[in-house]
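First subunit A sits with subunit B, and in the next complex the same chain sits with subunit C.
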Partner chain A sequence: MFAYSIRRILTTIPLLLVALYLVYIGVSVTTDPLAEFRLCLPRCQEGYDRIVELYNLDQSVFVRPFGWAADAITGDFGTSNVAGQPVSTVLWERGINSAMIAIPAFLLAAVLALLLSVYSARRQYSAGDYVLTGLSFFGIAFPAFVLGLVLQVIFAIKLPEWTGWKLFYTGGKRTDNIGEIIGTVTLPVVTLATLFVAADSRFGRAAMLEVINSDFIRTARAKGLSERRVIWRHALRNALIPLVTLWALNFSALLGGSVITESVFSWPGLGQILIPALQRPDLDMVMGIVIFTAIITVVFNLLADLLYGVLDPRIRYD
Partner chain B sequence: MTDSSTTKLEVDIAIATEGLTAEPKSFGKLARERFFKHKLAIAGFIGLVLIASIFVLGPWLSPWAFDEPNVLNRRAGPSRDHPFGTDTIGRDLFVRTTMGGRYSLTIGALVAVLATLIGTLLGSAAGFFGKWIDTVVSQLVNLVLVVPAIIVLSVVALRFGAQPVGIAVVLALLLWTRIARVVRGVVMQFREQEFVMAARAAGAGSGRILFRHILPNVFGAVIVEITLLIGLAIVLESTLSFLGVGVKPPTPTLGNLVFQAKGDINSDPIRVLLPGMFIVAIVLCVNFLGDGLRDAIDPRSRADEKE
Partner chain C sequence: MNAPGAALLEVDGLNVGFKTSDGLVRAVTDVSFRIDPGEVLAVVGESGSGKSVTALALMKLHPRSAVISGTAMFDGVDLLALGDADMRAVRGNSIAMVFQDPMTALNPVFTVGFQISEAVLAHNDVTKKAAWARTVELLDLVGVPEPRQRASQYPHEFSGGMRQRAMIAMAISNDPKLLIADEPTTALDVTVQAQVMEVLREVRKETGAAMMLITHDLGLVAGAADRVQVMYASRLFEAGAIDDIFYDSRNPYTRALLGSIPQVDSERTERLLAIPGNPPSLLNPSPGCPFMPRCSERVERCTEELPTLLEIRGREHRSRCHLAQELAPISEVLP
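This part shows the complex of A and B:
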């Protein structure tokens, strides 16, 4: 299993390098870091030269990524000009902020999706099942920003107007007061969780139904196991395998910062800085975020694969 | 799919002798029956037609132009003259929303067509020829999946994407991967079947086998993906516009209408919610339609109807 993990990681590296190379060139070709300086040229020659040197603009576009890579290998990811801090610091601080909404959202979504799919599968075609399926269709149809804005209007704006209770905030991280942070984080967490629950529970329902109707479940019932044991030990364990794949994808997408939800709620996470960094362009920051999200994606996909082996011992890697 | 050598008479005899009561049905007929039994799919189809006709007729019926400001009547609420109200510089929002809907639907359709073309071509080449072509296409798919879509989209959109067509092309270049994977799978499955071998034995070339014998079988799987793709493209386009890197104003799309209105969300939430709800409605209808088509074409995919 260890050898398998190493092999998996090694085979992803070339792909990752190509991706990083292309992103660097793509951002360099489509944006101009000197745009502001060109307008004032004779006067601000100094700043112009500094930018040229910073991004090696005197070299060919195709060579420049290697300069960045040479620094990155030594652990120097450069300085973000949008945030005015070293990229590693920004990644760390904003990464924690992203995690503050990512981890609760993920846990909430995973638990809810699991419970709802078990419920729907066991009571197939009941009124509850129909309501849940309808709701999940509805949830899938919501783009993240529409859902975020709707929740904002209802809970952060209209609710205080109607009731006078200021429980939730429209966003921004103002203080370190824990109560206020919870009030701020709740709405983005609910937004993200809703989107994932909607997608996952339909998937989970189908997986669970397939398992519930299979022969070994009938055998388990026939030999007199309690219904609880049949469902939670025998059926769920098998239905979990497709869900684990989805969860790995969800969690890595969340940790890398959800661009849309974070910008709707002005939450200072990784996603929120990505668009300004691309527009500026803040190449070091963009590359930092890409490499960060790519590593997370690779790691969690690998973890998911290893987890299959735990859930179903017949799956082996060697 | 009755064998061509079986005549009507033989079928009748078979029915009589076997004691069967129903006539055999063709695949298309069965698929149509399953589709029409799927009430949600019908609802989705009708909903889509309705929304599309509002978008097509709206700008026609309204006396206002979508880019004509009226500073005397800014931020007006819904009224008889302006059913959806007016925006920050007094443009009629009903016309802007329906025009925006036109653009959004057009982008969605264009993306679906382009992505299907790219995906089908690359996917079938990979599945049919295998070897190095398969390796190249598979790695290309992986590459598109590794690079965060939002980065590619905004980089290219910042440079080329101010126009609806530019955005559509970029979206298609990102969204072909799913179709390519589906097509590759189906082609690989059919490549090994007897009718392909028979065609080859009869002297058909690779091109003929691929286009005449194999690709028609891909149609079912692809049509489902296309409907879902339209929904996805509309959502992605509106997301880009919402982030401010999509289609540039004054050209309206449903996404940039939300983007322009979100500053006033505290005082005037209706301007955000109306275009937002149109996006939700379109995606909802498209998903219902896709679900119905999937059941119609591939009944096995409905695990819940097994018993």
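This part shows the complex of A and C:
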């Protein structure tokens, strides 16, 4: 399994390099960091030269990514001009902020999706199943910015007006007071979790249904096992196998920062800084976020594959 | 306990229907039969004749959409009237089942030993260690070599025949009084089929269990069963002692089935007999005999009137055919 992991990591390196190269070129050719300076030339020749120097703009666009890569290998990801800090510092601080809403949202979504999948699969075509199906399509179709705003209005603005309880906040990260942080994080977590629960419970229902109707579940019942053991032990272990891939993708997507949800809640995560970094353009920041999310995606996909081997004894890594 | 001579299982007027968008599909219609302690009853019929559904209904493992009526007295209690908890106490305990396809009947993510010991633990107040010891003993009994090592292997590490042996070990783990084997050899190679039938015979000798052997293979029945009942289009068509069915069948359908068994010593040039046509739809059955369109003996009456199960010469031999008493001796019909 160790050798397999190493091999998997090594095979993703060329993929990662090609992706980074293309993103660098893509951002470079679609934006012009010299735009502002061109207007004021020759008055601001000094600033113009500094930007040329900073991004190696005197070189071909196909060569420039190599300069960035040479620095990146030594751990120097450049400086973000949006944040005015080294990219690595920004990634670390904002990455933690993103994780603060990503991890609870992921856990909440995973547990809820699992419970709803089991419920829907066991009571296929019941009224409850239809209601959940309807709600999940609603959840899938509902954009994050609408759901986020609705939650803000109801829980952060109207609730204190009606009851005088200030439990939730519309967003921002103000204090280090733990209660206030929970109050701030709750609404974005619920927003993100809702979107994932809606999609995952559909998938989980299908996975669970396939297992519940299989022969070995009938065998388990024929042995006289309790229904609880049949479902939560025999069926769930099998239904988890396809769900693990989905969760790995979800979790890496969440950790990379959610652009819309973080923006709606003014939450200083990675997603929130991506848009200004792209507009500016803050090339080093964009590259930093891309490499960060790429590595996370690779790592979690690897974890998912290793988890398969634990869940399904038919899979061997060698 | 049963009085001497009493049946182990007495099914009376069993009906199983499935609600579909097109109406009620009758999978089992008015089926009555008995199984005595220790005997082997073979249930024979084509796919869709209702034989598996009958067995699943007795275990209450049928799909939720099924509508069931009738009684099934087993050891003094009506299985069909039992609640979920009481039924669970019966399943895998006094009635156990062996399924058709051993490749899919075992859970792929648990070891074979775990799955057998679960059956032991479900009905006995023993430690896991004792259950494991019993599991190894059972695997040895059904002829799995090196049972100690094999117990901790997963189903995909077992061959088809070995898996079916493991299924049988699971089924006999609580010394059932009745073993329901639903096409236990259909999914296996011919050589392995014989081995599995031999294992079933031996474990029955060991435990004294009665067996309901569901199959479409009359060749299998000949060597294994005491009594046979033939099902067609959800109904019983003929039932009787094995010799009565094989040598004195009073039903054109049974005779057609017997005629379609390939004979080793027959001439190569002879065509294998097949029954022409297909079984009828079980939705809105027509009033006559369901086998009429395919029957070589049909008369006017067969289109209008469903024959009843007639008792033949006072023996425990019943046949659903208007001509049951008049059919020519079987030796003149079959080669």
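FYI, the second predicted complex is superposed on the first by the 318 of 318 C-alpha atoms of A that agree within 3 Å, B and C clash if a C-alpha of one lies under 4 Å from a C-alpha of the other, contacts with A are read in each partner's own complex, and residues count from 1 in each chain.
Everything below uses one rule, namely that a residue touches a chain if its C-beta (ideal position, glycine included) is under 8 Å from a C-beta of that chain, and two chains touch if they have at least 3 such contacts.
Since this is a predicted model, take the numbers as computed values, not measurements.
Novice: Looking at the combined model built on subunit A, do subunit B and subunit C fit side by side or clash?
Specialist: Result for subunit B and subunit C: fit.
Novice: I'd like to know which partner A:D215 touches here: subunit B for first, subunit C for second, both or neither.
Specialist: second
Novice: What is the C-alpha-centre angle with subunit A at the apex and subunit B, subunit C at the ends, nearest 10 degrees?
Specialist: 70
Novice: Of the two partner chains, subunit B (first) and subunit C (second), which one does A:L16 touch, if any: first, second, both, or neither?
Specialist: first
Novice: Look at A:I178 in the shared chain and tell me whether it touches subunit B only, subunit C only, both, or neither; answer first, second, both or neither.
Specialist: After superposition on chain A, A:I178 lies in contact with neither partner.
Novice: Please indicate which partner A:L39 is in contact with in the superposed arrangement: first for subunit B, second for subunit C, both, or neither.
Specialist: neither
Novice: Which chain, subunit B or subunit C, ends up touching more residues of subunit A in the combined arrangement?
Specialist: The partner that reaches more residues of subunit A in the superposed model: B.
Novice: Should A:A3 be classified as contacting the first partner (subunit B), the second (subunit C), both, or neither?
Specialist: Neither partner.
Novice: Quick check: superposed on A, how many Å separate the nearest Cα atoms of subunit B and subunit C?
Specialist: Between subunit B and subunit C, the shortest C-alpha distance works out to 5 Å.
Novice: Hey, what residues of subunit A end up touching subunit B and subunit C alike?
Specialist: none
Novice: Under the definition above, what is the set of subunit A residues touching subunit C in their complex?
Specialist: That would be residues 214-227, 234, 237-238, 241, 311-314 of subunit A.
Novice: Can you list the subunit A residues touching subunit B in their complex?
Specialist: 15-16, 18-19, 22-23, 26-27, 29-31, 124, 137-138, 140-146, 149-150, 152-153, 157-158, 205-206, 209-210, 213, 256, 259-260, 263, 274-275, 278-279, 286, 290, 293-294, 297
Novice: Can you list the residues on subunit B that touch subunit A in the complex?
Specialist: 139, 142-143, 146-148, 150-152, 154-156, 158-160, 231, 235, 238-239, 242-245, 258, 262, 265-266, 269, 272-273, 276-277, 279-281, 283-284, 287-288, 303-304, 306-307
Novice: Applying the document's contact rule, which stretches of subunit C touch subunit A when the two form their complex?
Specialist: Spelled out, the residues of subunit C in touch with subunit A are 59, 61, 84, 88-93, 96-97, 99, 101, 104-110, 115, 118-119, 122-123, 154, 156, 167, 170.
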